[in-house]
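Here chain A shows up in two complexes: once beside chain B, once beside chain C.
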Partner chain A sequence: MKISAIVTLKKEVLDPQGKVVNQTLKNMGYKNINNVRQGKYFEIEIDETNEKNAKNTMEEICKKLLANSIIEDFTINLK
Partner chain B sequence: MKISAIVTLKKEVLDPQGKVVNQTLKNMGYKNINNVRQGKYFEIEIDETNEKNAKNTMEEICKKLLANSIIEDFTINLK
Partner chain C sequence: MKSAVIVFPGSNCDRDISVALKKFQIKNEMVWHDESDLPKSDLVVLPGGFSYGDYLRTGCIASKSKIINDVIKHAEKGGLVLGICNGFQILIETGLLPGALLRNKKLRFISKNVYLKVNNVNNKFCLNYKGKKIIKLPIAHNEGNFFAQEKILKELEDSDLIAFKYCDVNGNTNEASNPNGSSKNIAGILNVNKNILGMMPHPERHIDPVLSGDDGSFMFESLLKSF
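Entry: the complex of A and B
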């Protein structure tokens, strides 16, 4: 089973990388771009047939390794 | 309108960051993880009411700035 997680900085945390992309897009002529946030994406292949178990494992992995819960949020999606 | 893009390395391109995460998870005791691929995630707020236009703009942005089409693929999602 393939499962993915998106890790993003929390809304209240400054995202300098996103700001740079935003400014670059403005300089390139995209005037209708208001805000850019950047995050990380992880796709994991897991030996698991039960969707709930796979999601729980992924949540555990995010909390322990992939995301810093002080400044980051994560969302999990089955593929 | 919020629109997001996920940029990942193409399947045939080696993903050393993913490999490290995979190995770390194995070392942490997750024996049922087979493969990890890492990518980038971008969330953009765009002044646009037409979904098709927003998607087209995002595709253009991905091709021009966010993704390196030689080694990377991208997928676009409306939020």
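Entry: the complex of A and C
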């Protein structure tokens, strides 16, 4: 099955790239955009039929490698 | 004194540090990241560069490489570990040092000489900086913006574990003298036992008074003296 994770910087961590994108969107005329946070998206194919097991493995992978818990949060989605 | 410089795919300051170590008569051996055993060494250096192309996060993939287990063992036994630039990023990713190194606040790669305040001279790396409070070393990085939670920053300050701070020529540490946005102007930190030093500036590039300056020499002389 396919499972994905989105890793983003925590709210309290400055995201200069997100800020620049936000500013650029404003310059392009999108006046109603207030905030942009940039993140990373991972799509993983896993040999697993049980959703719970897949989620648990993904959580472990996120904690150990994909995200740095000091500065980043992650959310896991089953596809 | 014996040292080992770990070479990762993408390391590019490994030869600079090896030249510096040799200049100070430290017997150095280069160790490829895929080896599983460290040679007998008193000092392990994680050099600067772009290990694994900075994939995922700087230093992240290197922190999971084969040789790192032995580097951690060496550090836990009290052996000296010096991480310069990408080496500092790797040390942080292994968890041997706290915090995180984010992209520079202004999103620019910075390559220039900066003034540093030597904050702690009571460790094996900085002994010889005693009485030499402000030094000048080069930085060359894109992710050197040190970040840590308030609690960790307070611990670093209270236990005197900040080795170097960015400052101006008069030693003022403020926003104007902070090149990359680091919390508390931090340029280098020590672990609690002070046998591990991680720093963004490059001491190995300033070891010759004719070519560059020799404020980096003091670090190698300190290491020799403490040995």
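Worth pointing out:
What we mean here is this: the second predicted complex is superposed on the first by the 79 of 79 C-alpha atoms of A that agree within 3 Å, B and C clash if a C-alpha of one lies under 4 Å from a C-alpha of the other, contacts with A are read in each partner's own complex, and residues count from 1 in each chain.
Assume a residue touches a chain if its C-beta (ideal position, glycine included) is under 8 Å from a C-beta of that chain, and two chains touch if they have at least 3 such contacts.
Quick caveat: nothing in here was measured; it's all calculated off a predicted structure.
With both structures placed on the common chain, the touch criterion links A:65 to chain B and to chain C. In the superposition on chain A, A:20 contacts chain C only, with no contact to chain B. With the contact threshold set out at the top, residues 65-66 of chain A are in contact with chain B in one structure and with chain C in the other.
In the complex of the two chains, the chain B residues touching chain A come out as 6-8, 18, 21, 24-25, 28, 30, 32-48, 57, 61, 64-66. Against chain C, in their complex, chain A makes its touches with residues 13-14, 16-17, 20, 65-66, 68, 70-71. The touching residues of chain C, when paired with chain A in their complex, are 56-57, 60, 64, 93, 99-100, 102-103, 105-107, 147-149, 181.
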